[in-house]
Amino acid sequence: MFAVRIHGRGGQGVVTAAELLSVAAFTEGRHAQAFPSFGSERTGAPVVAFCRIDTRPIRTREPIAIADCVIVQDPTLLRHVDVLAGLRPAGSVLVNWAGPVDQLELPPGAVAVAATQLALRHVGRPVPNAALLGGFAALTGQVRLESVLDAIRGRFPASLAAANVAAAQEAYDLVRAECEERQDA
Amino acid sequence: MTDKPFAITLDIGSSLANHTGSWRVERPVYVNRRPPCADACPAGEDPLRWLYQAEERGYEAAWREIMAVNPFPAVIGRVCYHPCESACNRGQLDEAVGINAVERFLGDEAIRQGWTVTSSALPTGRHVLVIGAGPAGLSAAYHLRLLGHDVTVRDGGDQPGGMMRYGIPAYRLPRDVLDTEIARIVSLGVRLERQHTVSDLRAEAAGFDAVFVAVGAQLGRRIDIPAGDGARVLDAVTMLHDVADGQPPLLGRRVVVYGGGNTAMDAARSARRIGATDALVVYRRTRDRMPAHEVDLTQALDEGITVHWLSTLTRIDGDRVRVERMRLDDTGFPQPTGEYEDLSADAVVLAVGQEADLSLLAALDGVELDGGNVRVGPDLMTGQPGIFAGGDIVGAEQTVTNAIGQGRRAAQAIDAYLAGSPAPATPPAAPATFERLNTWYYCDAPATVAPRLAAARRVSTFDEVVGGLDESTALFEARRCLSCGNCFECDNCYGVCPDNAIRKLGPGLGFEIDYDYCKGCGLCAAECPAGAIDLVPEQARQ
Amino acid sequence: MRSQIEGSRAVAEAVALCRPQVIPAYPISPQTHIVEALSERVASGALHPCVFINAESEFGAMSLAIGACATGGRSYTATASQGLLFMAEALYNAAGLGLPIVMTVANRAIGAPINIWNDHSDAMSQRDSGWVQLYAESNQEAVDLHVLAFRLAEELSLPVMVCMDGFVLTHAVEPVDLPDQAGVDAFLPPFRPRQVLDPVAPVSIGAMVGPEAFTEVRYLAHVRQLEVLDRLPDLAGELAALTGRRISAVTPYRCDDADTVVVALGSVLGTLKDTVDELRDEGLPVGVVGVTAFRPFPVRAVAAALAGARRVVVLERALAAGVGGIVTADVRAARPGVACRTVVAGLGGRPVTRASLRAMLLDAVADRLEPLTFLDLNREVVDRELARAAATRRSGPAAENILHDLAGGGR
Amino acid sequence: MNGQRTFFYQVGTFAVGNRLLDPAMRAGQADPDRANALTSGHRACQGCGEALGARYVLDAAMRATGGKLVVVNATGCLEVFSTPYPETSWRVPWLHSLFGNAPAVAAGAAATLRAQGRDDVRVIGQGGDGGTVDIGFGCLSGMFERNDDVLFVCYDNEAYMNTGVQRSGATPPAARTATTPVVGDRSGNRFGQGKDLPVIAMAHRIPYVATATVADLRDLEAKVAHAMSLHGARYLHVLVPCPLGWGTASGDTVRVARLAVESGLFPVFEAEHGEVTAVRPIRRRVPVADYLRLQTRYRHLFTPTRCDDVLDAIGAVAEDNIRRYGLIEHRDVEHREVSP
């Protein structure tokens, strides 16, 4: 079981990200369960979505308290939300951030990718979710990039999908490079 | 009920099992009430019945409906003063139905179409003598023939018709119309003996099984007015008779007619037609008390005749007459005022009433006279068995219509007499009053105004003054009938019953109430335009 | 076809496969995604012929469904929570008229205080409405139950409510296997109504029934509902031939030698099963009985599933104030004489965690469980409020005070 | 108005039939083979206006649709008196669901017919004023705004008669009901506009709105026929006097409905897409007192003393209607005033 928690704000595609991640896992023949934090929050409010990935059918329905990975779609949340709550000691953190990650007071393993910038460049709108999923694939290896890209292609109309695929691809490359760099370091 | 859920889903129309008639405390009943027109008709017609036929363009049927009662539709359609219209309930709504005009249309249509009547009764072998070929005599003769009796009519005149011919000017009753309707009666097999003045009734009655005396009131009443030399005074009856005979009297330029009845109007209007430039009617009371009918007065006034109201003739002197102004006392009776006025007059025509010559009957045993009239029983039989009398001589209203009614009643009484059985008495139906009508349902439709000849033209001729209705206007007029007290199949009862408890039986068959379901709400009665449904209390059952 | 899909969408797909002809709906969280997906399928022509109606209320929606169904149209709607309550009068009516409407209830709490999150208060409030109630454990089961529901409803002329936990299932994306159209068509023949508004064969539906027949009508309705239990195995078998998955009115899980068994409905069963697996691994003889058909209540099947249990815990997602459990009463009746505890859990969307369940089961096994337990109840808050209430004895919304307390204020 | 006036007949426009008219020009109710959608044996009170109105409307609709009609009925007198187990008086496909949902149930029926391509079968929803203007109003408004293909007919008897004459949103000012009693200075129902549902219906801009009464059958039938010739949401508001609730003689049902119109208190009109298109002019105007006096629910306005202020206020309502709808026709021909 691999549990992912995604933090973001209403309107940033947090729920979609969790769903796409589950689809990517599903296409790889694994079981996955994605679900949002069930709230009445409106656009802009902090929101959370979850994704479980397992090789066996997933029966449990409880919210993810112990996460293997946390994705932060909006770095401004870090000031208000304890995004690291329940993160396993060796858990991964992927944050949407254009600057150096050490500015963010995150655990050492945290990786930043400028997902909003990538989205603006490729999609034209500040929707960082696809890029972050690319980054997730690179960071955790839980899903293959191609599965993420297929999930994106299956979800959006062709041109929008292509733009998001490009963003995800580039994020994947950046994070992979970053990880390799760290490994090398 | 097959697979349908128990109790929740039901087969349609199953409530017919529930007989709601048990709720009823009053039951509606269709009735035929006596309409005011029929009630008022001296001839015994039931105009509603023939208007009903005419409404459907069943003109021949309508005419035959009249002919069953009155053999003179075309005549009556002209000369009747139509008390039916005075009584007509529609008069309280807008204007009375022009019953008379429709009757004339039907009578004329019969003449145009050549419709005839035949008697379907088996010959009785009985022979009735009718004395007088006026409206009463001819009506009696007609009905007696329809009943299968042989009839002989004896009349002293050159032509049959009596007062219809000699009392009513041709401009009101064209002679060809009269002749045709009389000929139709004669053609039924009536033996008509003209110029046969009966003076010895006992002798003449020999060989007859019954006699009907209908000699009419042919004598102009004379009154005592001081008259000087050279005064030219005539009575209206004689004058009109002479005019009818084609021998009009010379009256001069200015004619004064004294009297206020229809005969006075006829005399004045005839005077104008035979050369008088001025015709002045002197009458002792006011217009609203005048016995002449409004329509006659109006037409007379239209023709330039003037009326001197509240005036009596006190003296006739040469070419002058003196009249005294009158005033009405509290009882409406005219009282002299002592104020006088002189008028110039080349002739004075007295139209102050008519009397009968009853010498014919006076000699008979058992026959009683009462003033100027013969006393008869309810069956019009005089004190002498087998001798009946009717028309003007029995003291009834002296109109053609009444005379026709008298003739019919006499025929029925004679028939019963000959059969040795009293005429069956049917109790009169309850009246169809205006209050019973639901007038909402009748369209607003004022009376058709009959076309009239131009006054200028009618003064100089005896052409008919009042024109007839054409087919469309007659139909319209007929359809204005409210059918008071009698169903005319408007379907209202059938429509307004909330319980569908009225069955429609088909054209001409009316309706039937299904008392299994009728709850007695009374809507049918309330919404019946004609007031032809009564609500009667249900009887308690044992 | 198996796909990774949101529960609401999966249900919408399943409903669409059943070819409903009329779908009236009024939006209420968390049902919205289902009817949105259906409206899209109707608008696109993918679901045809079908009329989607935006009703003016849930009462209107159920009434539209009543009219549609009575006219012979396969009718479907979905609602939740207050919406279900707003339908209440029409629910009884649809059942009383025997109209086979299928409805999804995305289970949600009932206010006040208003709460949009999941529990079973809504459906439980309508348990006596005459509707068949089927509860889904997973989205897969929700899909299968919907297909089954139409067949069951139409065969028996009864309305069927498929209950799935709001958000927890409706908004969860997980693998679901959808049957193919041909398979559904074979399983579900065209709707042949027992009674129908039709000018060709007019009937009056909905008569007023007085004392002389009302008891009989009700008795027949009861018998008819019980027929569901007789018919369900056959239909489930037919459906299993199509899907490979078998639906049961009652599903025991590791009950064979269990002396403590938890009875529950809905999605909490998954978490419960994981918890039981955990405890079994530790050697505790515990089991779970999942109740899929709550109405009619499968008395014999529940009794059989609990035959070996010494302790029964009924995990309730609703509360009958003043009594406690709702399902408990029926379980007790099915298995009289066995100690039966009620645990009220997950009200108003509170997560039912494995940790809490585990602790509760350990208590149960140790006979430490109160007859009525509120799982994860914040004792401190309620005690404070009760104390305050006892002191002031005033009416008013306790919720306000509790929220205030939780926010850290405390008065 | 739709009903063509036939002059030159003793009875043309106003009576149900008349043998003189071409059968095609007679009211449908004159037809010996009329549908009798509501047949004998029902348990309505004597002289029930609603029973009459319902048969008028449904027979006309059956005629207009060639018998292809289904009917949905709200709870109320009409439902109770027509379908007590084990008997029904309906001869049309008929469904009763609830008090407040008839418009929605009817719309549902229409939806099935549309989905099944049976557009030839038409749907009528019907109910009393309570089921229409009060408890059923939400569903009705929804049906209107969606323009569902339903003719909804309100049989307005101006109170909850089924439950024993309580006030409804359609109860007129000053009327006494069981819940607007005449006690002390209180004079029945309070004054106000009430719920003018025809006008509210018009505000939905639906294809057709009309008012009618059981006193003018031809007008009513013409309106039903016209309504059935249209599609979409249509509304017909029929005044149906209730002898029980109004305190009128059972035989006066039609008369009192007629007086409601002739006094100006019940405007008869039709509207399409929110615009008034035709008005039935007053034929023989009467003072409102003539209408009110027949009804014991207004008895307190006449005894023990005549309440001229209240009568004037009711008269003002009539005047307002007359002005608003132009109910007095200015004709060249002067017509005599005769009380009907």
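Note that the chains are named A, B, C and D in the order they appear, and that numbering of residues resets to 1 at the start of each chain.
Here is the rule we use: a contact is a pair of C-beta atoms (placed from the backbone, for glycine too) under 8 Å apart; a residue touches a chain by one contact, two chains touch by 3 or more.
Bear in mind that the values here come from a model prediction, so they are computed numbers and not experimental data.
Asks: Going by C-alpha centres, which chain is most central here?
Replies: The chain sitting closest to the overall C-alpha centre is D.
Asks: Return the distance between the CA-based centres of chain B and chain D, expressed in whole Å.
Replies: Centre separation, chain B to chain D: 49 Å.
Asks: Averaging over Cα atoms per chain, report the distance between chain A and chain D in Å.
Replies: Between these chains, centre-to-centre, one finds 65 Å.
Asks: Find the geometric centre of each of chain C and chain D from their Cα atoms only, then give the gap between the two centres in Å, rounded to an integer.
Replies: 44
Asks: From the mean C-alpha coordinate of chain A to that of chain C, what's the distance rounded to whole Å?
Replies: Centres of chain A and chain C (C-alpha means) sit 34 Å apart.
Asks: Give the residues of chain C that touch two or more other chains, as numbers and ranges in rising order.
Replies: Residues 97, 202-207, 209, 213 of chain C each touch two or more of the other chains.
Asks: Touching two or more other chains, which residues of chain D qualify?
Replies: Chain D, residues with two or more chain partners: 82-83, 85-86, 88, 90-92, 94.
Asks: Which positions in chain B are in touch with at least two other chains?
Replies: Those would be 7, 10-12.
Asks: Graph of touching chains, which shape: line, ring, star, complete, other?
Replies: other
Asks: What are all the chain pairs that meet the touch criterion?
Replies: Once each pair is checked, the touching ones are A-C, B-C, B-D, C-D.
Asks: Can you tell me which positions in chain C touch chain B when the two form their complex?
Replies: 96-98, 157, 194-195, 202-207, 209, 213, 216-217, 220
Asks: Which of the residues in chain B come into contact with chain D in the complex?
Replies: Result: residues 7, 10-20, 23, 55-56, 93-94, 438-445, 476, 479-483, 488-492, 494-496, 498-501, 504, 506-508, 514, 516-517, 519-523, 525-527, 529, 535 of chain B touch chain D.
Asks: Could you pull out which chain D residues touch chain B in their complex?
Replies: Spelled out, the residues of chain D in touch with chain B are 5-20, 26-27, 29-30, 32, 36, 38-44, 46-49, 51-52, 55, 82-83, 85-92, 94, 217, 243, 249-255, 258, 284, 335-336, 338, 340.
Asks: Using the touch definition up top, name the residues of chain D that touch chain C in the complex.
Replies: Where chain D meets chain C, its residues are 67-70, 72-73, 79-80, 82-86, 88, 90-98, 100-101, 104-117, 121, 138-139, 141-142, 145-146, 148.
Asks: Going by the contact rule at the top, pick out the chain B residues touching chain C in the complex.
Replies: That would be residues 3-12 of chain B.
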